[in-house]
Amino acid sequence: MKVSARNVFTGTVAKITKGAVNAEVTLTLKGGSPLTATVTNGAIENLALKEGMEACAIIKASSIIIGTDLHDAKVSARNVFCGTIASIIEGPVSAEVDVEIGGGNVVSAVITLGSVKHLGLKGGGHACALFKASSVILGVN
Amino acid sequence: MKVSARNVFTGTVAKITKGAVNAEVTLTLKGGSPLTATVTNGAIENLALKEGMEACAIIKASSIIIGTDLHDAKVSARNVFCGTIASIIEGPVSAEVDVEIGGGNVVSAVITLGSVKHLGLKGGGHACALFKASSVILGVN
Amino acid sequence: MKVSARNVFTGTVAKITKGAVNAEVTLTLKGGSPLTATVTNGAIENLALKEGMEACAIIKASSIIIGTDLHDAKVSARNVFCGTIASIIEGPVSAEVDVEIGGGNVVSAVITLGSVKHLGLKGGGHACALFKASSVILGVN
């Protein structure tokens, strides 16, 4: 299956912590960065997900927030990847911002055009992509 | 690929409307119900998505809101599926609510336990599952 | 900290309820309204979040649903703020709707243009903005 989500990152399942309803899964991406997902326990069973397995993290571009000057900020979002803005596509309401985060990975975010203006985002500039663990869907082949 | 998202509904692409950044895609689910998704134009190209193709809609349980007495409510969420609560799994913070919406389809939602109590949700009761077009990921085989 | 998310509301942490994986956090916004967020326990630790601390709630415009006639509706979404539509920016697929909710706060939502038409939304009209606790990112300075 191919999916519409613009962001698909492969890695290895490093840790699974189960709760009553949800489980927290940490992937180690190629390159070594950790990525955290929360999925239902039912999903863990359906996928037969176990530590050491290869899996991919799927995140919709619309779930991603772009930030600048985030170095001193503390946010609850578990996933923050910083890099350089590769491109910006502007529409009348929405805009797509692509950020190169190293290791050949690019994060695509859809944000409002108002935010592009407000943050003064430009190609070549520094930006961070942040998303919640709950925005991540896990996939296995 | 198998995905952790609990909700995967197959259908046929009925209509694609492209904007500058986003495109709106309407699927006709088996059973005839329409389901609306917004994805990036880039995703439409990557998937080579065309009207008449089979595709599936993937929605995370955490993106779904449960409502009762929604018949007269008007909400911007494009997707509202009503039916009967099949099961509720309660955790200390989160709860999973499964709603049978007919045609053999079940929608799984993760909501707060506080909302289960507040709405008085019970197995066998009526409930509607609602989610935004932007919460839907499309997949093709 | 500058983020693309259009909605950033400051408040005081009123209550933290921990589960095995997720925690529910209630903020009291300036003006007195409660706002509920679910974040991972790991995030609570990373932020050293405690009752009485000042924090901000960050919500992407795309996570927000706009409703009208919601007074009798019962939905699981924990956060519902009603007010007056200040402006609507229409694109071919998406539209941005800004709702003044009192206390100088404005909620920005990105919804489909189809919903703007279907709901008959107009500047000056009444509307409610609703979003799930799981759509909220918490930040501290």
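We just call them A, B and C in the order they show up, numbering each chain from 1.
We take it that contacts are C-beta pairs under 8 Å (C-beta built on N, C-alpha and C of every residue); 3 or more make two chains touch, one makes a residue touch a chain.
Since the structure is predicted, the reported quantities are computational estimates derived from the model, not experimental observations.
For the pair chain A and chain C, the CA-based superposition corresponds to a rotation of 120 degrees in steps of 5. Of all residue numbers that take part in the contact between chain B and chain C, over half occur on both sides, making this a same-residue interface.
Mean C-alpha positions place chain B and chain C at a centre distance of 20 Å.
Among the residues of chain A, those touching two or more other chains are numbered 19-22, 38, 62, 91-94, 110, 134.
Taken together, the chain B residues at the contact with chain A in this complex read 1-6, 19-22, 37-40, 42-44, 46-47, 49, 56, 58, 60-62, 89-92, 94-96, 108, 110, 134-135, 137-141.
Those residues of chain C that touch chain B in the shared complex are 17-24, 36, 38, 62-63, 65-70, 72-78, 91-94, 97, 109-112, 114-116, 118-119, 130, 132-134.
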